[in-house]
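The following pair of complexes shares a single chain, subunit A, combined with subunit B in the former and subunit C in the latter.
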Partner chain A sequence: MNEMDNKWIGKNTIRPDGADKVTGRAEYAADTIMPGMIWGKVLRSPHPHATIKSINTKKAEKLDGVFSVATSADCVDFPVDTPVILGIQDIRWMARNVLAKEKVLFHGHPIAAVAARTEEIAEKACELIEVDYDVHPWAIEIDDAIKPDAPILHDFIKFDGKPSNIVGTLEHKKGNIEEGFKDADIIIEKEFETAAVHQGYLETHACLVSVSPDDKTIIWSSSQGQFMVRAMTSFITGIPQSSIRAIPAEIGGGFGGKTIVYLEPVATILSKKSGRPVKMVMTREEVMRASGPTSGSKSKVKIGAKNDGKITAAQGTFYLQAGAFPGAPIRGAAGCCLAPYDIPNAHTFGYDVVSNRSKVAAYRAPGAPIGAYAVECVIDEVAEALKICPLEFRLKNAAKQGTKAVHGPTYPVMGYVETLEACLSHPHYKAPLKKLQGRGYASGFWFNAGGESSAQVNITEDGNVVVTTGHPDIGGSRASIANITAELLGIDVNRVSVLIGDTASIGFSNLTGGSRVLFASALVVTESTNQVIDILKDRASKIWNIDKEAIEWENGQARPAGDNAGKFKPLTLVELAEKATPTGGPIGAGHQVNTVGAEGGFATHICDVEVDIELGIARVIRYTAAQDVGKAIHPAYVEGQLQGGVVQGIGWALNEEYIYNKEGKLDNPGFLDYRIPVCSDLPMIDTILVEVPNPKHPQGVRGVGEVPIVPPLSAIANAIYNAIGTRFYSLPMSPPKILEKISD
Partner chain B sequence: MAKIQVKTKINGEETEFLCQPYDTVLDVLRKDLNMTGTKEVCSTGDCGACSITMDGRLVCSCLVLAAETEDKNIETIEGMAKNGKFNVLQKTFLEHAALQCGICTPGMLVAAKSLLEKNTNPTETEIRYWLAGNLCRCTGYDKIVKAVQAAAEEIRENA
Partner chain C sequence: MSEVKFISPETLEQAVDAYYKSSKEGKTKILAGGTDLLVQIRSGISQPDTIIDIKNIKELKEISNDNGSYTIGAAVAGAVLDEEEDFGNNWPGVLEALRLIGSEQIQGRASLGGNLCNASPAGDSVPALIASGATVKVHGPEGERNMPIESFHAGPGKTNLKNGEIVVNFQFPKKQKCSGDAYLRMIPRTEMDIAVVGCAVNVTIENDKCVDARVALGAVAPTALLVEDASKALIGSNFEKEAVEKAALACEAACNPIDDKRGTISYRKKVSKVLFKRALEKAIERAKKG
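Right, the complex of A and B next:
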């Protein structure tokens, strides 16, 4: 299809869910109600690390207004030594994170839950539950968790033959690292650390669950995957998946943090035991204390280069916090960190470290910002030492089509170089700076993903279109799907309605995550729509009594082609729908497949900061993000992904951090003390959408959601150095840290 | 504890409800009146998602006790579209892609409307500081600020 012919792809249409969201009609999980509904609350651990000797719920059960109580004794028992893998999660850990079993492993770890007539009664009943603990020493920071006499969280997990809090490792190797460093004229090695940060989705976790006496279960919840909710709830409660209908409510932000369950299995148990629908809504404090942030980290990066600017070797070692259970995103750190570069000799290591913090969850390009932060800061130092412009230095070492990446693949068609060139030719690159202002650059990569996806495209009796997919829409995917369907059918986009099906109404579709949704769902929607067009041609062939092959579909009409051209008046979608019954019945088609062919995404960012040396505040005053987006199906929402990701990165770089006190408890579990960027902190975020279409996708789509959070951490660190001549090796670069360094 | 009877006006409609002395306006809106357009995000006045106006003043409904609304005029997101027609801000938010997940949107719209009622020609800085109490984690605020600017322009043109 000629680009100029596109009517809807590439257009900023109004999102199908927009009217509901600007009027308050959109239904999020906490907005749902059912007759007879009662409220569930969770009792949480007051200790960061303790063995549970006993739990006595008798007093709570007797309190007036209490309907049911749940503990891990009500869950399916998964022995600690046998993995139960579901996607990237292990149900052994998930079950114990939902309701603690042998031990509590962090302050705020759920122990029991109560369902009662009101939230207040449920809270009172939680206080009546008696738990006998054997309290243990705890470890919060990585250094404390990996020292020789550290308190061990899971003594059955061994590293180097001994019980350890290092619960997983990963490495990527290419070439000969020793030879590579021998060839270098200059070698720079630095150590870095980053604080744990929360996804900060505004909607707290919530669900409403109703279980019938024969276990038929309906779950309304806010998640990044209704099928994930169904599967995990099924595992933990023992109710078969066929009996569970998980309905995706609108989701008020996830960013990876809603790819696992916290409340749904608990509410299911409480509802099953009480016979009443149970609603549970976390408070902000519960979200901060007990839902997954992403890892804090410690890392070391060493890069060697020749005087001519070619990198000869690079090495990175990354220790990432997993929280209470294994599963730190070491693949994102060790796998993505060198991805933008063509480096002959490289070696990266990742270490998955458990400690007495809440279990980490995915956060936008999990692990990748941590890896890129260290690498991109050292790249900046090497470029400076070689007196080469940091963007030119990256260009000289840029990975291209055919480059063998350190993390394994040989790259196909990709647009990293184009992002560098776009930055070099952008006015921002040459704009003048004032005193105490500085400019920084950084690049970033994310794998992107495909995976299972299902779609159904149905023609209504009046000749309009309903598309159903199985992925919760967290960034505007419904708008993009509407654009694609309207384009393929040649009809007005307003005739296409796009819905997210529940687990009983659409085939299995994997999580909304990994920047996979539009890639995957566009593939299955395209295939389904093409099947529908084939059916429509078949119906026209029956009406005209000519071969189907002699009919073409154009501008929403079947028209006779070839020898028959002009013989019959074209039949519109509306006319064919009216004649559906006599020509063969309902018109619709579905497709479900494990999608493949997702290709990685690259970005390069330019950031200007101004540092107030009296207050220690670094303020971002200009920002430009260039990214290879493949093909922007709905450009405004693609820009929105870039802008949102950048600003989350700005928060990570400058302010956000989990602060623990001496008792092993989180000290800042709310938006007052955990400060995410606000409107007055920021400039406009400029975007450059570089379009190098993914050849393995019908519309050329690449995932776009995750890459933009990868470069900002180092772009800002490099900009602050450029402004005041001081390098920071620890995030966040918050006012106290900046003041301390300046006064040194 | 005896409940308090409160008579107030919500979006122009006379409304009566019973509440506990400790119930907030947000509690009553969401749990008793099923007006769930106003969102609960932090419950501590830090995020602005529950923004409403009370006698024309922008407030966090999680910080106002329900009993204090006696004889007041409350405006919520549910009252923003009139007679089935969007308010200009609702329209520009849609046109400028100023929302993603949408959970901050009701509060953001109520706050922005309150600004434009006072100032139809705010600078970018004035918009950014007025909305500094309304958190958004999806958009980076860029398109929200542009949507407010566009609405202000439209209001000025139609004045």
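Right, the complex of A and C next:
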């Protein structure tokens, strides 16, 4: 397809979900109601670490208005020492995170749940549940969790032969690290730490579940994957997947945090036991206390370079908090951190550390910002020591097509160098700075994913198009799919309606995560649409009584390929749809496949800050994000992804943090003291969409949603250094921390 | 589910009577804008069995100007006071402090009376009210009395109101010629946040000399503070460096803060000096304009 001729791809078409959202009609999970519906509430642990000796629910069950009570005894029993893998999750942990079994492992850990006529009665009944605990010492911070006499969360997990809270490791190696450092003229090694931060989605977790007496189960919920909801609920409740229909609601933000379940299996058990539909909606406090933030971390990075600016060796060690159960995103930290560079000798380690915090969940490029923060800050220091512009230094060491990455692959066509060049030629790079203002740079990488996707493209009787895919739309996939379908069919985009099917109406589609959805669903939609075009040609061939091969599809109509084919008036989509029944029946096609060929994404950011040195406040005053986006199918949405990632990175860098008190409880479980940025904290985020199409994709799509949160942490840290000459090695760079360090 | 009795009296006497009686029997809360109370009920911090809505009482919603002396009803919302153009010209510091409470939507409800009675050490309008020299009129079973703002609070969440007493209005002194007030707060964000330190300054200038000054701090002690030593350091000075520094040190010395998730003791002390200087500068600028 010649790009210049694109009518819809690359255009900012009107969002299909826009009217519903701005008029309040969009149906979120908490909007759903059913006749006879009752309310579920969760009893949560008051202790950060304790063995559950017994749970007595009798008093709660007897309270007027209570219909059912659930505990882990109602869940399928997964032996704690046998892995049950589903994607990147382990169901034995997931089940215990949903309802604690042997132990409670964090303050706020669910223990039991009650369904009652009202939320208030359910809450009161929760207070009547008697739990006998054997309370243990706890560990919150990494240092406390890995010291020799630390309280052990899972004593059957061993590290170095002993029970340990280090529950997993990962290593990437390339070349000879010792030789590499020997060759270096300069070596810089620094240690860093970051705080646990929450995704901060505005919509709290919510679901409505109705289980009929024959176990047929319908789940309405807010998630990043209705098939994930179905599978996890099936595992934990024992109801077969074929009996569960999971209906995806419109989603009010996820950022990775809705790739696992919290409420759905609980509501299913409560509904099954009561015979009533059960609704559950978390409060903000429950979300903050018990749903996944991403890891806090400690890391050490060492980089060596020659005086000519070539990096000879790099080493990184990353300890990441997993929360209560194994599964910290160490691959994102140790795997992505050196990806932008062509480094001959490198070695990275990741350590997965459990402690008495809520279980971490995915958050936008999980782990990658943590790794990049440390590496990109050291890169800045090395460039400074060598007196080379930090962007030129990166250019000199940039990975290109053919570079063997430290994390394994040999890179195909990619646009990292182009992002550096775009920054170097952008006016922001040369804009003057005032006193106490500074400029910082950083790059970042994210793997991007492919995976299973299904689509169905149907022509309606009136000649319009309905496309159904299986992925919740959190980043503009419906608008983008509409653009692609309209382009392929040569029709107006408003004639294409894109829907997200429930688990009973479309084939298995993996969840919305890993920046995979547009890559994967565009592939299956393209294949389905091409099949539909083939069917349309076939119908025209029947009407004209000529060979299908003599027909071409152009501008939304079938027409003879040339004069030899015969002289016929073109048949439009509407005309072919009208004649569908006599020519063979309904017109539609579907495709489902495990998509491969998703290629990584790279970005380079420029950030200006201004520091109030009397109050210790750093404010971002200008920001430019350049990213290789493959092909921007809907540029406004792509820009929005870049801007959103940067904003979350700014929050992570400057103010967001999980603060625990001396009792091992989260001290800031709300948006007043857990400070995500507000609009007035932010400048307009400028974007540069670098388009180096992914050759393995029909439209050239690369994932774009996660890369933009990778560079900001270090771009901001480097900018603050540039402004005031002090380097910060710990996030968040909040006002008390900044003032304390510069007053020293 | 416990039931809550909701009373909406139309006169002050009815309100006081109901408040006095119901307080004896159980937990009663006064509702003005509700921007603190509803949040506290929802989070379980407050579980009243009676709520008395005072928004229908005329005196509490009135704004009057008696020859330059303002009286502002306790339940007047920030957005309403903002439309009273002349009030902002007289007491820009009080208005800017009140306007910092919550978002635009909250401003339609939040009031000076509510902010005062919530008794948070970090309440934004309180230091500004103290610096202005305003007094508060309260009405109770034993009649009316006036209190200076700085003696209204007993501690975090606690007031010196007696059983059955309701805040009626705020009475501002007539603004002096060549005087100006200002309020500044330190928050990590730029809005939608709670003061880590707040500072209000009100100065009167005559022939370039400071003839009157009131300095108040918020969020640095169990209650908002009137820093009299800072006033003393300023009065009689030309705002020369030494005098300002002495006043700033008095602010720092007056701080009795806590270490918490919002800031450390040392951070709050340092910031109190900085905010004082910045608020003073702003107040002087306003005073010079008349």
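Simple rule for what comes next: the second predicted complex is superposed on the first by the 740 of 744 C-alpha atoms of A that agree within 3 Å, B and C clash if a C-alpha of one lies under 4 Å from a C-alpha of the other, contacts with A are read in each partner's own complex, and residues count from 1 in each chain.
Basically, a residue touches a chain if its C-beta (ideal position, glycine included) is under 8 Å from a C-beta of that chain, and two chains touch if they have at least 3 such contacts.
As the structure is a prediction and not an experimental result, all values here were calculated from the model.
In the superposition on chain A, A:678 makes contact with both subunit B and subunit C.
By the touch criterion stated above, A:73 is placed in contact with neither subunit B nor subunit C. Contacts of A:668 after superposition on the shared chain: subunit C is touched, whereas subunit B is not.
Shared-chain residue A:565: touches no atom of subunit B or subunit C. Contacts of A:740 after superposition: subunit C is touched, whereas subunit B is not reached. When both complexes are overlaid on chain A, the residue A:121 reaches subunit C alone and has no touch with subunit B.
Judged by the touch definition given at the top, the superposed model places A:474 against subunit B, while subunit C stays out of reach. In the superposition on chain A, contact of A:615 is made with subunit C only, not with subunit B. Overlaid on A, the two complexes show subunit B and subunit C touching the same residues of subunit A, namely 672, 677-678, 680-681. Residues 30, 34-44, 46-47, 49, 76-78, 80-81, 86, 90, 93-97, 99-106, 109, 124-125, 127-129, 131-146 of subunit B are the ones that touch subunit A when the two sit in their complex.
Against subunit A, in their complex, subunit C makes its touches with residues 1, 43, 186, 188-194, 196, 261-264, 266-267, 270-271, 274.
The touching residues of subunit A, counted against subunit C in their complex, run 118, 120-121, 124, 285, 614-617, 619, 654-655, 659, 667-668, 672-673, 675, 677-678, 680-681, 734-736, 739-740, 743.
Those residues of subunit A that touch subunit B in the shared complex are 12, 14-15, 17-28, 30-31, 33, 199-204, 250-255, 281, 283-284, 474-476, 636-637, 639-640, 643-648, 670-672, 676-682, 684-685.
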